[in-house]
Amino acid sequence: MHAPQNEIIEASAELVARVRERRPHVHCMTNTVAQAFTANMLLALGAIPSMTTALEEIAPFVARADALVINLGTLDRERREACEIAVAKAGEVAAPWVLDPVFVDRSETRAAFASTLIGRHPHAIRLNYAEFATLARAERDTTRFALNHRTVIGLTGATDVVDDGRRRATISNGDALMSKVTAMGCAASAIVAACLAIDRDAANDNPWRATGAGLVILGVAGEVAAARARGPGSFAVEIIDAIHRLDRTTLTSRARVT
Amino acid sequence: MHAPQNEIIEASAELVARVRERRPHVHCMTNTVAQAFTANMLLALGAIPSMTTALEEIAPFVARADALVINLGTLDRERREACEIAVAKAGEVAAPWVLDPVFVDRSETRAAFASTLIGRHPHAIRLNYAEFATLARAERDTTRFALNHRTVIGLTGATDVVDDGRRRATISNGDALMSKVTAMGCAASAIVAACLAIDRDAANDNPWRATGAGLVILGVAGEVAAARARGPGSFAVEIIDAIHRLDRTTLTSRARVT
Amino acid sequence: MHAPQNEIIEASAELVARVRERRPHVHCMTNTVAQAFTANMLLALGAIPSMTTALEEIAPFVARADALVINLGTLDRERREACEIAVAKAGEVAAPWVLDPVFVDRSETRAAFASTLIGRHPHAIRLNYAEFATLARAERDTTRFALNHRTVIGLTGATDVVDDGRRRATISNGDALMSKVTAMGCAASAIVAACLAIDRDAANDNPWRATGAGLVILGVAGEVAAARARGPGSFAVEIIDAIHRLDRTTLTSRARVT
């Protein structure tokens, strides 16, 4: 009844309803490839996205945000500096932030910068298996990594893993077409950020549960979308509609968390 | 018969036909989130978009444009400089330009820059209610603001207002899903710019009427799209199709201008 | 039987199957307008896109790529420098690269930079008629141009031309809606790049045939998409689905190469 798995499923239904009601502001430092899809996924969920990466503007935008996503795609010097400012400001205003170390397996510069940011204790790190393997050289598994870095790992792939070092759940929702649409990972990170923002207000907030809930929301929406899609083009449209229409019954009946 | 409302409705039907025929070039200085959707909306309308923001290239692109949109999203120093060059060049070649002061309510830097640009007399300012409230501190209403700054205000929301200080109309078209798709405001500004470009050629050109026509075109397309959409994902697709298929009968039968 | 036209048609069917199997990495230096659509088209084809343009990262990304696209949209000084690095690195790792000189007819800076890059011998140049007219002042036709610059010309429009100076084919597939979706040209260049990457592995590799195959793939997908689309919005979705579902029968029965 109160098994951790059930906590995540219950949180997914609860948070979808509360995001729509509260409309959290989520600021995303993300690459230009991912911006429009991520913004539309957040809007469909009921959140309010903002996306500026300009050095002069990042602080006031994060100051008014309820959560922050730092995605390392298309990363140049100026954007790295803007990330540092954004993370510092999120700390000041106590907004949770999510790190998305996209493609760290392709560039040592990115991997090094990701390590620096992990030292600043993101509330969650959302990444895929190849990215985790690059960052977690010293650690064998997500549990050790989460403990060492005092964060929640949201590892996504055919099966998702959510681990805060004390609790670990696996989520088996989603569809293969999710890997055929650009920015799906970034959208996952943004949904997790919106969930963290809202969960924060609860008496017993719990970033592990909120991170898992975010991944359940996206995975279930992916399944609903796949049932109607004819390929990755229509899937990208259908998943936005599915996020917009998601309800408690669909989430609790479809969620597969163990 | 010649009521101002009817002028706007008639202009919407007229301008849709003439944009398709004349294919005006619309150059958009806009944020990276909005670029693809805005370009696709302009193409669907029959216009030809260009989007470069590079300092070295902005002058030749604007020199060959029939209208210009300045959208303040994702604004850094270099882009501000490029905006100044673009506005100056538009003046030289007598191309109308539209200011879209997106999110000025979130950043004082943007608000200050928007005020500077308003001093350069945009042909129209397309913005939402929160943005207007930030910019119009000294003025109580759109009429005063339009008069003081010698421009046309195109205020968009549940109801749109078009005001040039002498005439004021309200437009009650559109659908709630329009606020769930990123870049819809930027697309509105771009459609207004295309209408201003074409209206300019008329013997009795009238930026107030052309701005209102642009908002009617988008609002009616939004209603047509909403009738087929299942959520914001399919709505964003349907509104592009609707713009592409829009005809006089649909516009004149659906337009609600008072 | 072994007519050059048949070679292109056969290659289109062969390369679609092999791209799905081999999943080539295609790095695109492209403008921010085109990034998401291009990435999604490559994913639908079965390739793996990457898109960073950051100076510090471009070399390691291209080093791990199987092909490179250089698209000149939204071009500033830093991006020009990154292009130079990318082309040099592609040479080192023997990855084929495609030049897409978008809008060179609008800016002399771009045209000059395109000429510099053509001097570096791209494996193919994918461009439209207006862009070709700007670059080919000295040469009368695609044959002369291809010979002089030792490259393959992939000229796209109502009819496509593929020319390497020794062989010339025309492709009459596609649909008028292709010109109503932004970034369709960039997607064409990216598909050609994926085909060049895979063709390279063949014993008898042939960039002319691979370029033609890429254009046939896109053109046939465009026809399949047009049969289901209601306008450019749904067309952009349908063409991604069509690329994903394309098979030998559809390609060989629909390809029109002479």
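Note that the chains take the letters A, B and C in the order they are written out, and that residue 1 is the start of every chain.
The working rule: a residue touches a chain if its C-beta (ideal position, glycine included) is under 8 Å from a C-beta of that chain, and two chains touch if they have at least 3 such contacts.
All figures in this text were calculated on a predicted structure; none of them were measured in a lab.
Engineer: Give a one-word verdict, same or different, on whether chain A and chain C use largely identical residue numbers at their interface, taking over half shared as same.
Structural biologist: different
Engineer: How many degrees of rotation map chain B onto its copy chain C on CA atoms, rounded to the nearest 5?
Structural biologist: Rotating chain B by 120 degrees superposes it on chain C.
Engineer: Just curious, how far off is chain C from chain A if you go by their C-alpha centres, in Å?
Structural biologist: 34
Engineer: Pull out every residue in chain A that's touching 2 or more other chains.
Structural biologist: 32, 36, 236-237
Engineer: For chain C, which residues are in contact with chain B within the complex?
Structural biologist: By the definition above, chain C touches chain B via 31-34, 36-37, 73-77, 79, 103, 106-110, 179-183, 229-234, 236-237.
Engineer: For chain C, which residues count as touching chain A in their complex?
Structural biologist: Counting only chain C, the residues touching chain A are 32, 35-36, 39-40, 43-44, 49-57, 60-61, 64, 78, 236-245.
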